[in-house]
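What follows is a pair of complexes built around subunit A, which joins subunit B in one and subunit C in the other.
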Partner chain A sequence: MQRRCNPLKPSGLAVKFGFNAIMIVLSLLMILPIIYIFNHAFKPYHELFIYPPRFFVQEPNVQNFVELFWVTANSIVPASRYLFNSVLISVLSVIGVTLVSALCAYPLSKHPFPGRNLLFATIILMLMFTPEIIQIPRYLVVSNLGIMNTYWGHLLPVLAAPVGVFLLKQFIDQIPDALIEASKIDGANEVITFLRVIIPMCMPAIATVAILAFQNSWGNVETSALFMQDDEMKNFPFFLSTLTNNLANNVARQGAAAVAALIMLVPNLIIFIILQSKVISTMAHSGIK
Partner chain B sequence: MAGVRIQHLYKRYGKGQQAVVSDFQLDIQDKEFIVFVGPSGCGKSTTLRMIAGLEDISEGEIYIDDQLVNKLPPKDRDISMVFQNYALYPNLSVYENIAFGLRMRKLPKHEIDLAVKHASRILEIEPYLQRKPKELSGGQRQRVALGRAIVRNPKLFLMDEPLSNLDAKLRVTMRMEITKLHKKLGTTFIYVTHDQVEAMTMADRIVVMKGGIIQQCDTPELVYSKPANLFVAGFIGSPPINFIHGRIAQTPQGRLEFQTNRFQIRLNETAEDILRHNNQVNKSIILGIRPENVKLEGLYSETIITGIYKNNELMGADRFLYLDIGQEKPLIARVDPDNRFNEDDKVKVELDLSKAHFFHKETGERLRE
Partner chain C sequence: MKLLSKLWAYRSSYLFIAPFVICFALFIVIPIIAAVGLSFTYYNGIEKPRFIGWSNFQYLISQDLLFLKYALSNTFKFAVIVGPGGYAASFLLAWLISRLRGGVRKWVALAMYTPSLTIGIAMTIIWLPLLSGDRIGYLNSLLLKISFIDVPKLWVTDPDLLMNSMIAVTLWSSMGVGFLAMLAGILNVDTTLYEAGKIDGIKNSFQELWYITIPSMKPQMLFGAVMAIVTTFKTGAIGVELSGQNPTPEYAGHLIVNHINDYGFIRFEMGYAAAISVFLLLVMYGANKLSFSLFNSNDE
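Moving on, here comes the complex of A and B:
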């Protein structure tokens, strides 16, 4: 009996070791592109086009950064303008999406009203459609609202986030009703209950929604491509796509593209590393992946 | 301070649905400790929540301090409530939890501080004021929940099964603490529980409910010694009261007898009076007698019956005997633990009829003098 329960008996140890080895190989595989992006950004030109390609940079320098920011600084729209647009839109959309999702999820979860289930089912149904399906109606809405070439055109189409509503509703469902009732008896109104009781309790879910909203908006090319005719209103990922797409020269600006790719990656990486524990707890709570 | 008057209170979920609470009528005096007790789903919590303003009232009126509160939101009723799962705000410290209600009422800072310190001193939670609720034990959380309730000095305390999440030992201590608190504060308490022991030990008056209807509202003593009907008799008391189904028959001498298919016992004069008065001669009836009134030997030879010993439970100070007397359920007798029997032994027990009750077979009501 004793021996059977011992996790460190020889065969168990081998299994554990083998399992860990597989996991390490897999995680190395996962981390390769990230390492590659970091290395690529610091490669001088002759290393970027070397054959066979090298993984790690031999003579790192910041030539590519200089190219991206200083060389384009004199062009009609400098790269920094795209970057500014992207940062602004992303920050606004993170705030907007979390706020709208939370304001939508709270009544859906805690306030019974006629048609509540139908409304929630409709929101869930939205998860089934790919964004491409609603591109034309979305274009018409944005165009008729007259918000082409404005930041609203970037922001409004991403504000309604079914995933965010769903995650937050599942999370708020776990909050016992007694807490809301207690705050009612304590004299809080709905706004205070929402801000001081509900929101602090679903911070993990809000963190998750914020990450999703950030990623969605940070990498979003669609609004720039469809709703922005003026180049100075387009965002960084759009700029990146013009650097690397097939119509452009495949050799020129390769270094700048490598740096741009790094810039695209870094915020995601930082945010995820900081907030990952909260994200995992949301995923565990909501029962979805 | 405040009394509560509840008149013809009804609660229905949806039109045409059966009422969860029906025709609830109660006058609660100032400073009274009222306990609503009943099995789950009897409407006791719903009634409490209607008094708190957390549930809409379908019909009827609730007055707190002679003020009609039907349309008043909970915060304007000057009440506080303790919930079963404590409902402490997990993101706030104990101090902030207690202060929350005062902050909502925009009290000046020094007054809040004074009130919180005072409440925490009463409940002996001063050392934990800076902790978060999750760092506290169940009993400490319960104290914090009480602290949050008393800090505002409300007219009325509502408690919804506050002790049912605690372990048995802690429950006994907290029971006494709450009684002490009631004496100290001199405020009206309404307390909901499904635990008859809590009801018996804490209440000034017990309201026994079933199916949304008040069965009886009396002092603990009267609820125990003069239960209104079969339900109350069976619900209050542990082990439960014995019900013996039988008939009342008249002997040739003109005395009354209680007969079952196994035995008959001669009734005393008080019992005879009650039965004649209620016109129950020659009718089927249910006799209720508590286990402590079934004794192993006694003075009245006329009320000795024989049961077949089936099993027993030793409770330390008492032994409960389960005797087969030809009824659906065994007769329970509460006897001295020194008495030991073997299975299928014939055991003679005496019923103390001066403490027995007679219940109407159809209505289940206790026959009154």
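Moving on, here comes the complex of A and C:
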């Protein structure tokens, strides 16, 4: 991240302090619901139903965590199975999306192959649309491919991530051609160049694409709802949506639901905190020119 | 022959792009083409699609009362506030954050970005207890306590309030990828431009923002705009999730995406559902074209 010295510094220390304070208060307001869900997850029953409701937990315990996993322990498909599916699918899709996107972004940026401009224009065009709108034809494609009810049905549809290819391509554009030339003079072929030069140079962008892929797949309900028939093939967010279907205006199971929301949120949060600076440095090249 | 040998010369490039291009074609390009094709047919998922010309579109814009009365106007209201509103808020926040110094900046940016991580199912769980319609709901409880309201408000089930709740929750979670792109764009504006600007007589921060920052980061602003449009139009389930009813009470939160799902997955009129999707795709395309003409940096 490039730090610039601001030429228009607020005159006094007080102004600066005040501005920082306002921004911090604003941030706290933004994450208020998040702080709340952390508290809610650890509330025992009598605190969930208390009136007037308390924001902060008084006697934290893990009863809700137990409930979430026990409520389904005796049913055919336990919650742990959904969680296992989610972890497996997310890991595979992070690896798959980054690899597939990087493989495509490299020639798109550095090789003037016939059809390159058409492909890039199509990717930009498809950035504008969203799979949610074309679920029915996607369903038809998946059922015709015969990958219904398999892990492929979870994985393949998310591999097509135009945003990932776009971000990587913009990032690889910054890598000097001379480096690639040098690698070729040293006798490396395209694969070696890709692995030894391109991949190490665009690690920040790869980290960013990995985060986006993880977020996308970790919270993805679409593939489970549409492409999977058997419950043991569905993922954790889908299980959550069944758990919360009748939650509106209802206090029962709120604690367990809060725990589930934490499970959805915390991995995303941790990964983002670790890789935040890489994301910002990638996003600097994200512009559509 | 010449073209063939050229294609052959780039065979490794084609191998590299093959996995993405195959998935991209199968799961995005072909479905969009198929949606356009299906929109001209009657298709119930069992019988073969039957070509019926423009009838789906004619019905859509002239007779589908649910669409004309609720889905269209709701989506318009939702999109106009959440799209440009969320975008402006993202930009403003990114600009304010860029003016923070030191370690605070990272954490403030994180706080703004975190809500967008809850998009989807987690969002419902977070907001339901807060917006619960009885006096145990946190918002009701707070407003009752400060005597702002006399009786608990049904934030998510009252048709008059549902749309506002949907807009508030969506705006809260709208600082996503586009916000990060714009933050990065602002942080990377060439420092010397600001110094030059000062010499040229730029007096305050707002002039600096208008004459230097925004023109230098048009590409990121365009990316942010595209992301904002996508997020705005794909948000459909939120009304159903918040109110817990499908369709939403008196169709108060009925958006075009809900209308597509209604016809596609409940009534199994997939040809008609495809026609609605094509309509939505056209709207999104129009919104994107508008953004491209606003933020295009090529013609300068």
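Quick note on the criterion: the second predicted complex is superposed on the first by the 268 of 289 C-alpha atoms of A that agree within 3 Å, B and C clash if a C-alpha of one lies under 4 Å from a C-alpha of the other, contacts with A are read in each partner's own complex, and residues count from 1 in each chain.
Throughout what follows, contacts are C-beta pairs under 8 Å (C-beta built on N, C-alpha and C of every residue); 3 or more make two chains touch, one makes a residue touch a chain.
Values in this document were obtained by computation on a predicted structure and should not be read as measured data.
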>> Do subunit B and subunit C fit side by side on subunit A in the superposed arrangement, or is it a clash?
In response: fit
> Looking at subunit A, does subunit C or subunit B touch more of its residues?
Replying inline: C
> How wide is the angle at the Cα centre of subunit A, looking out to the Cα centres of subunit B and subunit C, in steps of 10 degrees?
Replying inline: 90
> In the superposed arrangement, which partner chain does A:Asp186 touch: subunit B (first), subunit C (second), both, or neither?
Replying inline: first
> Which partner does A:Ile31 reach: the first (subunit B), the second (subunit C), both, or neither?
Replying inline: second
> Which partner does A:Val197 contact after superposing on A: first (subunit B), second (subunit C), both, neither?
Replying inline: first
> Which partner does A:Trp70 contact after superposing on A: first (subunit B), second (subunit C), both, neither?
Replying inline: neither
> So, A:Pro53: does it touch subunit B (first), subunit C (second), both, or neither?
Replying inline: second
> Where does A:Phe17 make contact in the superposed view: on subunit B (first), on subunit C (second), on both, or on neither?
Replying inline: neither
> Touching A:Val221, do we find subunit B (first), subunit C (second), both, or neither?
Replying inline: second
>> Using only CA atoms and the superposition described at the top, report the least gap between subunit B and subunit C in Å.
In response: 11
> Taking the two structures together, which residues of subunit A meet both subunit B and subunit C?
Replying inline: none
> In the complex of these two chains, what residues of subunit C are touching subunit A?
Replying inline: 3, 6-7, 10, 12-14, 16-17, 19-21, 23-24, 26-32, 34-35, 38, 96-97, 99-101, 104, 106-115, 117-122, 124-130, 132-138, 141, 145, 156-157, 172, 177, 180-181, 183-185, 187-189, 191, 194-195, 197-198, 204-205, 208, 217-223, 226, 229-230, 233-234, 236, 241-245, 257, 260-261, 264-265, 270, 273-274, 277, 280-281, 284-285, 288, 292, 297-298
>> Applying the document's contact rule, which stretches of subunit B touch subunit A when the two form their complex?
In response: 52-54, 73-75, 79-81, 83-85, 87, 89-91, 100-101, 104-105, 148
> Across the complex, what residues on subunit A touch subunit C?
Replying inline: 1-8, 16, 19-20, 23-24, 26-28, 30-31, 33-34, 36-37, 40, 49, 51-53, 55, 99-101, 103-104, 106-108, 111, 113-114, 119, 122-123, 126-138, 140-141, 145, 156-157, 159-160, 162-163, 165, 189-190, 194, 212, 215, 219, 221, 237, 240-241, 244-249, 251, 254, 257-258, 260-261, 264-265, 268-269, 272-273, 276-277, 279-284, 286-289
> In their shared complex, at which residues does subunit A touch subunit B?
Replying inline: 176, 178-179, 181-188, 192, 196-197, 200-201
